[in-house]
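So, here's a batch of structures to check.
The two complexes that follow have chain A in common; it is paired with chain B in the first and with chain C in the second.
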Partner chain A sequence: MADLGSISLWIALALAAYSTIASVAGKLRLSPALVESAQSAAYAAVLALLVSTLSLVIAFISHDFEIAYVAAHSDLAMPKQFTWVAFYAGNEGSLLYIGLVLSVMSAIAIWRSPERLKDALPYTTAVLMLTLTFFLAVTAVMANPFDKLSFVPIDGEGINPLLTHFGMFFHPPALMAGLIGITIPFAFAMGSMLAGKTGDEWVDAGRVWGIISWVLLASGLLLGSWWAYTILGWGGFWFWDPVENAAFMPWLALTAFIHSIMVQKRRGMFRMWNIVLINVAFGLALYGMFMNRGGSVPSVHSFGASSLGWVFLMFLAIGVLIPFAIFIWRYPLLKSARNLDSMLSREAAFLINNLLLLAIAFVTLWGTVYPLISRLTNDEEITVARPFYDQVNGPLMLALVFLMGVGPLIPWRKASLSSLRRSLLPPAVAGLATVAVLAALGLHKDYALIAFGLATFVTTGILMEWYRGTLSRHRGTGENYAAAFLHLIWANRPRYGGYIAHLAVVMVTLGIVGTSFFSTQKDVVLSPGERVTIEDYELVYLGSIETPKSNRTEFTSTVQVFRDGELLETLRTTRAFYPNFNMASTNAAIRSTPVEDLYIVPSENLPDGSVGFRILVNPLIWWMWVAGPVMLLGTGIALWPQRAPSPAQVPSLSRSAVRSRPTTA
Partner chain B sequence: MSKRGWIVLGGGIPILALIALLAWASISSGGNPGGLTVNTDFVEADVDAGAARDFELQLMKGGTLKLSDLRGKVVMVDFWASWCAPCRVEAPTLVKMYQEFQGLPVEFVGVAIWDNIGDAEVFIGQEGVAYPNGFDADGVIAIDYGVRGIPEKYFIGRDGVVARKLSGPLTETVLRDTINELLSR
Partner chain C sequence: MDAGIALSVIFGAFLALFSIFLVGYSLVRGNRPEPEAHPDSYDGRFLENDDPALGDIFDAIRTLELEYQLGRLPQEEFDAQFQTYRVEAATVLRDQLEAGRGDPAWLLEHDILLARGAQDPASVRLVPCPDCSASVPQNQANCPHCGAEMVPQP
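Entry: the complex of A and B
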């Protein structure tokens, strides 16, 4: 299996390298056959990498401990379903995974590439395959998951217990896929620039792939937070850890990109800006991978293989400087079809939204490199921790939420003050009313008040849009309200899908504000039968059961939860000790409601049967996890292909219509 | 200068500066940019054999500890954080060895850095750490000692001189031998 995997990895590397060269050569020497063979090589690379991946998976399942990677990341006791997790648990496997994902996405992107990108496609293919070549070369030469040990151990070292969690099936693969996925829109942008197609040809492909990477990153970040919340046992979900930041920054840049690309799609504006944004997003993704692979930063995420740091730093330098040079070269061609008509327009709102997102990204970047700067200037390392990010990014994020409420309500081009007043007044009133009511009820935390007000503002604006649209559709077509609502959404999917994603952002805001400002925490040691009160809950600890398992000892503690003397629920929470790792992992018991979470985690099992518990009441955090599926729904709707309207209606004219359509509209 | 020229400068200089900074950090920390490292492998580093810089530590269980008050004992100062996996891995070893040296002139001092105080306290509770542990919120002690990563340990002899600096999670044997060697000096 090791040989098969390794050989197919090398074949994939050769195919990717060939595809890069053949693609450019074919384009320059005007040989369509060569270009086509380059594309075929890109498809074949997928097959080779599938064989390689499958070999590794089979090696895990068959406990082939002669392979160093398998021995280091699994053991005989590991349940089969965690094979998938073990596959990317270490540096080597995760690089192979990234290579596989990139090759699959590239193949689909090349295959589905629209006809009007034909001229640019060879360059796009070359950019994609060059990136793939890099990853495969690093995997094959420096971090080969098929390297063999000189002996065969009887058992492996086992999988890191912190990784044996449901969230781990999706969090790392989604994040890695999202980071590498940015390569696709980037390659479309670069391909178009190299081919001199500096208009709007690449916009649709760029938007679709941008949104796909965006949603992958967003799901990855949310799942990672959820994992941290349920298993790390400190009751929080975000630490501003350098590697969390490394995934967060490209996500911010992509968020800016998928908004401003809509402006180019609809209005032919921001052409240069979109190229800049996708380059920034790609650069930040490379920076993120460098942080991760350098094994350099203090983080729960580091892979700890520092020899790769240099390679990724070089790739970062190349991946930023060469696109920058291409941008400068093509700069004179990157003129937008139109200029901004007015600052009171949706375009302008999008522009400000972009600037805010980039500001947050750069504040975060500053925080991650500041320790280095301080070392350079004072010879002292000062690390930047959570308060810095909260203080600086908090207000920026609130401003962003505000814009999220305004943007969709102002029209393109130019808004009149009276139309603005009409559309913005009701949500503004609702938002201010929320603030007034909450303040009257005794809530005096400024940030929280503003956040709740803004959440109402955004939600009201969206609901109003839906209501108005549904009503006018109901009147116009006579459909009932439900049908009118569904047809409304279906008729303009990018827009209404976007609204649903906005609602998800509001939910995340609620969760963040709830836990940041209103969380209560208590650490207590309880003997069986003892009780403790937190907020209006009364908890009774009944006792613990010790269960020895093959690779761990589990302590399951039972706690009854009462409110007003009434039994609400009996919760079980476990703490498992893994002797192989000298490591304990906890699984929090969480009673989750939309109002608040009751969160219990056993931090310590004492010999006399008493248990140290950390108990938290986290208001509104439920909304944060529900936001994930809502966001997926919204993105799915926004991405669902929209049939081009004209050709279907007038088939006989479609061909000429397409040809005569001006390219720089 | 043309607009294009300005863009070259305005975009190029920050990019080059950032890359140069990362490269410099990589060189100066032996391939590890980004500051503090998680020391996953055991390494011994050279130390300037000099008197250990004194510090006062706010202890998690209340009170303060002054390093100079421990003069006459072999002191192991351990820099750690609750989120650092190797620190978690070695915690039971440290707990066990601390018990083993009970009754001898040996003291362990834990210094949590770059951490949330609540998390550090929970960690101490979870692992049943009995020796004094404090929180170096400003990172002053870590800077004084030139901590490069965590876990990292400084062994101070009975004369108050820093004798050895060991990085990465330690095994019982290394820990026992190091302390015994210092005791016999």
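Entry: the complex of A and C
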């Protein structure tokens, strides 16, 4: 399998390189046949990479320890289902995975490319395939997962215990796919610029692929948080770790982009700005990959000491400088069809939202690279910790939530004060009422009060929109309320899908505020039969059972949970020690409700049978995990293909006229 | 040679040949005539609508926008005229549909309008929604498609 995998990898590399050159040559020599051949090469690369990936997966399943990568990331005791996780557990396999995802996404993007982008498509293909060539070249030459050992070991070293978690099936692949997926909208933007198509031709494709990457990154970040919460044993979910930040920053830039691109789609504005945003997102994605593979800032996520750092640094420099040069070259052609009509408009709200998102990204970038800067300037490494991010990003995020409530409620172009009052007054009143009620109930933490008020403000605004639309539809069509509501959502999917995604952000906000301001923690050592009280829970530790397994020793501790003298639940939490890795992993016992989580994790098992427990009560965190599926639902609705407008509908002439015949003003 | 290696090389060679065939096929076949745009592509159908009346309205909008951008037209005037042109365009499109009554899409729309108002669709005056551009009967306060508030028509 090693040979077939390696041969397929080299074939894929040759195809990607050919596709890059043939696309440009075909375009310059006006040869559609050559361009088509380049596209066929892009499709063939998918097949070659699928064979390569399958070879590696089969090598894991068949315990082919002659392959160094298989020996380093699996052993005979590894359950079969973790083969998929082991596949991308190391540098080499994850690079192959990235290559596969990029090739599949590129092939779909080329295949489904809009007809109006035909002139730009060869350049788009070239950008995609050049990026793929880079990743495949690095994989084949510097980190080949099919390299063989000079001997065949009896057993492998085993998979990292921290990766044997359900979340690992989705968290790393979603994040990696999200990061590399940014290449697609970036390639459409660059292709259009190179072809001189500096209008709005690329907007639809850019928006669709931007949202796909965005939701992949969002899912990856949420799943990563959930993984950290359940297995890392410290009771939190976000550490502001450099590699967490490296995935968070492109997500912020993409969030700005998928909002801003709507303005270009609807109003023909922000053309330059959108090019800048997608360049920034792509640059930050490359930075994230550089951090992950030999970056100079220490992180729990990085793939250990790797010699790939300088290669990724070079690619980062190229990936930032060349698009910037193309932007400067095409700058004179990037004039928007019209200017901002008023600062009281949805466009202006989008612009401010963009600036806030970029500000958060910049603060996070600054905190991430500060250790490096301090080392270069002072010979002393100063690491920036959570208080910095909380103090600076916290208020910015609250402002963002506020705008998330205002944006959808104000009209495009220009809002009158009376219409603003009509739209914003009910949600504002609801938000202020929430603050007043919570303050009256004894809640006096300013940030938390503001956050709860804003969450109510946003939710009320969205519910109001739904109510108004449903009522109008019910009156206009005679449909019952449920049908009217569903048809309302279905008739304008991008808009209402976006609202659902906004609700998911509100849920995440609740989770963050609940755990940041109201979490209670206790660290105790309990002997069997001992009790401890936290908030209104009483916990009784019953005892631990030690179970030796082939690659670890597992300690399962049983705890009974009482409230008001009544037994609520019996929880079991485990702590396993892996001698091969000299590492322990924990699996927290969590009693989760929408109000709060009771979180119990063993930190140490002592010889006398007593156990050190960390016990937390985390209010509202349940909402954070529910936000993931809600966000997926919203994005799915927003992305669901919309047929061309039916003939009885009227096109938005402002767009049509400008797109088909740009003004010369 | 080991049987596994031989098999890998054979399969790899097959993969390489298949890729070469795929890539070379377009080159051997040569350039093809331009394909027709797919009606469901992102382009939509209205951008390719070659009705001269619609073209005239687009031209008028273009001129209007130019006038507005040059500051010769106040906002209110621009809004009013722009809305008028949109309604005109809607009328042209509707006339196009009237001309092609056999079209299944027209029949469907006809049935929907009949079901909605139990009246002749020709008597229903439609105006475009300012937010989602859907056709909305003039007497509606909100768009039944997206819920946006309708701008009162003169």
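Everything that follows uses one rule, which is that the second predicted complex is superposed on the first by the 642 of 665 C-alpha atoms of A that agree within 3 Å, B and C clash if a C-alpha of one lies under 4 Å from a C-alpha of the other, contacts with A are read in each partner's own complex, and residues count from 1 in each chain.
As a working rule, a contact is a pair of C-beta atoms (placed from the backbone, for glycine too) under 8 Å apart; a residue touches a chain by one contact, two chains touch by 3 or more.
None of the values given here were measured: they were computed from a predicted structure.
Student: Does the superposition put A:Arg421 against chain B (first), chain C (second), both, or neither?
Tutor: A:Arg421: touches no partner chain.
Student: Is A:Ile11 touching anything from chain B or chain C once the two structures are fitted on A? First, second, both or neither.
Tutor: The second partner, chain C, only.
Student: Taking the superposition as given, does A:Glu604 touch the first partner, chain B, the second, chain C, both, or neither?
Tutor: In the superposed model, A:Glu604 contacts chain B only, not chain C.
Student: Considering only touches as defined above, state whether A:Ala317 meets chain B (first), chain C (second), both or neither.
Tutor: Only chain B is touched by A:Ala317; chain C is not.
Student: Just chain B (first), just chain C (second), both, or neither: which does A:Arg531 touch?
Tutor: So A:Arg531 meets neither chain B nor chain C here.
Student: So in the superposed three-chain picture, is A:Val51 touching just chain B, just chain C, both, or none of them (first/second/both/neither)?
Tutor: Only chain C; A:Val51 stays clear of chain B.
Student: Counting residues of chain A in contact, which comes out ahead: chain B or chain C?
Tutor: Of chain B and chain C, C contacts more residues of chain A.
Student: So chain A touches chain B in one structure and chain C in the other; where do those two contact lists coincide?
Tutor: Residues common to the chain A contacts of chain C and of chain B do not exist here, since the sets are disjoint.
Student: Help me check something: in the complex, which residues belonging to chain C touch chain A?
Tutor: 4-5, 7-9, 11-12, 15-16, 18-19, 22-27, 29-32, 37-47, 57-59, 61-62, 65-66, 69-70, 75, 82, 85-86, 89-90, 93-94, 96-97, 103, 105-106, 108-109, 116, 126, 128, 130-137, 140-149
Student: List the residues on chain A that touch chain C in their complex, please.
Tutor: 1-4, 7-8, 11, 15, 18, 31-34, 36-37, 39-41, 43-44, 47-48, 51, 114-116, 204-205, 338-339, 341, 411-412, 414, 419, 465-466, 468-473, 476-478, 488, 491-492, 495, 643-654, 656-661, 663-665
Student: Would you tell me which residues of chain B are touching chain A in their complex?
Tutor: Going by the criterion above, the answer is residues 4, 7-8, 11-12, 15-16, 18-19, 21-26, 28-38, 40, 81-85, 88-93, 114, 116, 118-119, 121-122, 125-126, 128, 139, 143, 149-150.
Student: Per the contact definition, I'd like the list of chain A residues that touch chain B in the complex.
Tutor: Those residues of chain A that touch chain B are 160, 233-234, 239, 241-242, 283, 290-291, 294-300, 302, 304, 306-307, 309-310, 313, 316-317, 320-321, 324, 328, 331-332, 368-369, 371-373, 375-376, 380-383, 385-386, 521, 523, 581-584, 603-604, 612, 614.
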